[in-house]
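Please find the structures below.
What follows is subunit A paired twice: with subunit B in the first complex and subunit C in the second.
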Partner chain A sequence: MQTPRVAGVGLTRFGVHPERTGRDLFAEAALAAIDDAGVDRSSIEALHYGNFMGEFAENQGHQGPLMAEAVGLSDRPATRHESACASSGVALREAVRAIRCGEADVVLVGGAERMNNLGTAGATEALAIAADDLFEVRAGVTFPGAYALMARAYFDAYGGRREDLAHIAVKNHDHALENEYAQFQRAISVETALEAPMIAEPLGIYDSCPITDGASALVLVSDDYAVRNDVDASVAVTGSAQGGDTLALQDRREIARTPATERAADAAYGDAGIEADDVDFAEVHDCFTIAEVLAIEALGFYEVGEGIAAARRGETDRNGERPINLSGGLKAKGHPVGATGTSQVVEVTRLLRGDHPNSDSVSDATTGVAHNAGGTVASVTVHVLEHTRRGEVGE
Partner chain B sequence: MQTPRVAGVGLTRFGVHPERTGRDLFAEAALAAIDDAGVDRSSIEALHYGNFMGEFAENQGHQGPLMAEAVGLSDRPATRHESACASSGVALREAVRAIRCGEADVVLVGGAERMNNLGTAGATEALAIAADDLFEVRAGVTFPGAYALMARAYFDAYGGRREDLAHIAVKNHDHALENEYAQFQRAISVETALEAPMIAEPLGIYDSCPITDGASALVLVSDDYAVRNDVDASVAVTGSAQGGDTLALQDRREIARTPATERAADAAYGDAGIEADDVDFAEVHDCFTIAEVLAIEALGFYEVGEGIAAARRGETDRNGERPINLSGGLKAKGHPVGATGTSQVVEVTRLLRGDHPNSDSVSDATTGVAHNAGGTVASVTVHVLEHTRRGEVGE
Partner chain C sequence: MSDPTDYDEGYDDLLDAIDDSEGYYLSCPSGHGSLPPRRVCPVCGDPQLRETPIPDVGRVVTYTVVHVPTPQFDGAAPYVTAIAEFGDVRLTGLVAADPDAVSVGADVSVGVETFDSERRIVFETL
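Here is the complex of A and B:
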């Protein structure tokens, strides 16, 4: 079986770009990835693309062919995948399978989201379609509310307080300071976070990721292709897996844990032949600060109930033993929903390759993980990336 | 590489069920497929699901986990794929890859669509998001209009007239007569078709598929799994491919041909190691009668310009040499968008197994094809199904 390698990565700057169309955003990221890969555009055999709310933001479904056309690949098979905030995570899984099963040697994968043209209220309403319409949305649940329920449940079951969460926001803002693609390149203090307006008790505005427009893209190639064509692709996708859970929180036994992440992580580590302890750093889905806590526990980096103190203790910051969200995370880098999954993999790749502003924090690292979650962690993808020489993994 | 086999199939009756939710429809089809497969539900490892307009019909995105939960599989990875009317065709491709690359042995795949609760005008408006919003929809293009343009272009380039198209509608209504899952089990005459109200010149109401609610599902298993567990799965998916084209008609060189189908067919036949002449019968995407003409030409069954007369000459009916749309097609069986791709594969499987009301028309057949198209044939999947003994294909 072929091992997929990351030959090139591309991002738009994440931020507020209400005037830019999805196709405009995606073309920028995809063309940057193709340029970074140094492969001829005509060698790309397929596009797997993640988008979540195009129906509302642009009255546009069926975005696979549209995005292929935007990058000059209109005669290639192109598919849109949607799993809410994990949309490009699942797109990446399909691209990985296409290479593994020998169907393609060069695949473009990415995602884009246009959100700010809907306004904050409109975007929040559109985001709600990731929850169960009949049993959650009609009862008034929005995502800040749902994650607030999870935070309260966590505090009740395992302890912790708002200040612990504030340290996560402070850390992720700090990590984004030098990231030129980040929506917020600005330091905040614990006091700023704690004194900011409340969104849904106990989550304040600094516990929440922003509404973001942006795109991300990767060119994946098979190990064989990289060797044959002397493509510089030092980072391989060695593990890929997905986990699921009920869409509605009410249908779960416990809402202070995220078993979909546990299942995806177990499967992805098994796929890569590693264990949680082998992971040097990770990009995790911190749509709200509490989500980072739930993620680092479910990924096996902390025992249940222990993740809450990680940022406060400095264990997950740029100087810590296992840095989390060196990109700034969804919190500070931003969260253009359909772009987030592959954007995390772009960041992990750059960190491993050594061309990320925060690469110095992980200069000895060989193994990074990207964790992408949809809804209230009902859909999760986990990807393991390893820095290896071409031809070293696979078969 | 493992060969995927169809272990079980399930359908709801296609028709007008505005009161039924998508999850209700899908659960019925999926549980029927699981029952038909005779596998334990707990053996299912993943769900790949196609849906197109859930955002509009039910304010519901992120339907993968929702549908998994509806069939009691909420802890399994579940993904929604969207490529307009080819949504479950692309879902099937992902399921095929998952089995081929050894990631799973038992996969549930299917699709559902709820449309009639939107009303005809609302459904037509929702369908339009499969076209290019900026360059087609805002200019007033709807799908009946777009296919009417393609029909006119065909008549201009290759000849043909409305009566030729009427024969296709008559044939497909005839094929649906005994299909208990069909929306219309009722014969029509050429005169009825020609005298019916015009929708978009030259397409009348009988040239158009109806607005349909419904669901379809398949249980796919690996060849190894079928042998090990003595699963009765006599039909294998031996070819799977996808083709693409520009989303907007205006960006194409010619609109009386459908190169996305040509590309998908070439690749699927190559994948299966067959040629067009080896195909005994096919289910093709006849959302409008002209679409059947374009499909049978692009699938290599007819030279360009020759497909228009096939139904009139009786070559594609139940007694013809290569029957097309023995299910009744989208025209008479109905077209619940997200369900159509896998529904075609359900029909091909039953025809090959011998348990379809029209199996007698293809009693010597070994090879059937399913052709699923999105938009104005911008996304196409082609699947080749062959009746083979377990263990006969693969490796």
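Here is the complex of A and C:
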């Protein structure tokens, strides 16, 4: 079986670009990834692309071919994957599978989302369709509202306070300070977070990721291709898995846990032949501060009920034992929904390669994880990335 | 059932029943509760689903006060949405009460109200 390697990565600056089309955003990120990879563009055999709200934002379905065309690959098979906020994590899984099974040697994978042209109310409406329309949205559940229901359930079951969540926001803003692709490169204080207006109680503005326009892309190559073409690709995708759960929160036994992540993590670690303790750092899906808590518990870094205090104790910051969201996370780097899954893998790759502004915090690291969740974690992907020389993995 | 393009069979039948104080959920032989429309139990896949009365009193499992709504709820915010447990099944509904009057563990009843021309599941605190 071939091991997929990350030959190149590309991002747009995440932020407020309401005037930029999805096709332009994706072209910028994808062309940067192809340039970074140093592979001949014509060697790319397929595109897997993640996007969630294209029908709302741009009245545009069928985006696969549109995005391939935008990077000069209009005759390649191109597929759009939609799994809410896990859209490009799922796209990445398909690219990984194509390379592993030998069907392709070079695959372009990424995602893009245009959101700010919808305005806050429009983007809130578009995000809400990730929930169950009949049983949740009609009962007033918004996307922040759904995570607020999980946060209240967590506090009730395991304890914790809004201040604990504020420490997560402060940490992730701090991590984004030097990240030139981040939407927010500014520090905040616990007091600022606690005093900010509420979105859906107990979550306030600083518990929530922003509305973001942006794109991300990766060029994956097989081990064989990297050797034959002398491609510098020191980071390999060694584990890949996806988990699932009921769409509506009401149908889950425990609202304050995310078993889909637990299942995906077990499978991805098994795939890579590692344990949770082997993970040096992770990019996790912190669309809301409580989501980071749920993620680090389900990924096996903390016992259930213990993750809430991790940021307050400094265990997950840049100087902590296992840094979480060194990019700034969705919270501070931004969350262009369909672009997020592959942007996390871009960040993990840069951190492992040593060309990320926060690489010094993980200079001895060999293993990073990317956790990308859709809806209230009804869809989730977990990918394990390892820094290796060619030939060390999969042979 | 006036306009079939605006009627969700199963779901709207359930709302009719709740509105008549005859709400039901679907129960499989293993005791898993679910809501219609279903052909099989979402947990175990058992096709033997029996309509079972929803208990009169439910208990709030979690709730939120939504301050930033979707356009359908424009003007209604802040409002309370809760998940409440009625025996073997849980429902999500708007809570017709002041946010300060809602707490985890509070008893509620379930009904149906029309808001913004859409029927919605609503809880009343007891």
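We adopt the following convention: the second predicted complex is superposed on the first by the 394 of 395 C-alpha atoms of A that agree within 3 Å, B and C clash if a C-alpha of one lies under 4 Å from a C-alpha of the other, contacts with A are read in each partner's own complex, and residues count from 1 in each chain.
As a working rule, a contact is a pair of C-beta atoms (placed from the backbone, for glycine too) under 8 Å apart; a residue touches a chain by one contact, two chains touch by 3 or more.
This structure is a prediction, so every number in the text was calculated from the model and none was measured.
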Partner touching more residues of subunit A, whether subunit B or subunit C: B
Regarding the shared-chain residue A:120, is it in contact with subunit B (first), subunit C (second), both, or neither? second
Check whether A:36 is in contact with subunit B, with subunit C, with both or with neither, and answer first, second, both or neither. neither
Let me test your reading of the model: by the given contact rule, A:97 touches which partner, first (subunit B), second (subunit C), both or neither? first
Does the superposition put A:283 against subunit B (first), subunit C (second), both, or neither? neither
Given the touch rule stated above, what does A:1 touch, subunit B (first), subunit C (second), both, or neither? first
Is A:61 touching anything from subunit B or subunit C once the two structures are fitted on A? First, second, both or neither. first
Looking at the overlay, does A:244 come into contact with subunit B only (first), subunit C only (second), both, or neither? first
I'd like to know which partner A:136 touches here: subunit B for first, subunit C for second, both or neither. second
Could you list which residues of subunit A make contact with subunit B in one structure and with subunit C in the other? 128, 134, 137, 246, 251
Could you pull out which subunit B residues touch subunit A in their complex? 1, 21, 46, 52-53, 55-56, 58-62, 64-66, 68-69, 73-84, 90, 94, 97-98, 100-103, 128-134, 137, 241-247, 251, 259-260, 263-264, 374-375, 378-379
Which residues of subunit A touch subunit C once you look at their complex with the stated criterion? 120-122, 124-125, 128, 134-142, 144-145, 148-150, 152-153, 156, 197-203, 246, 248-251, 255
Within their complex, subunit C touches subunit A through residues 8, 11, 34-35, 42, 61-74, 76, 78-79, 81-83, 90-94, 99, 104, 118-121
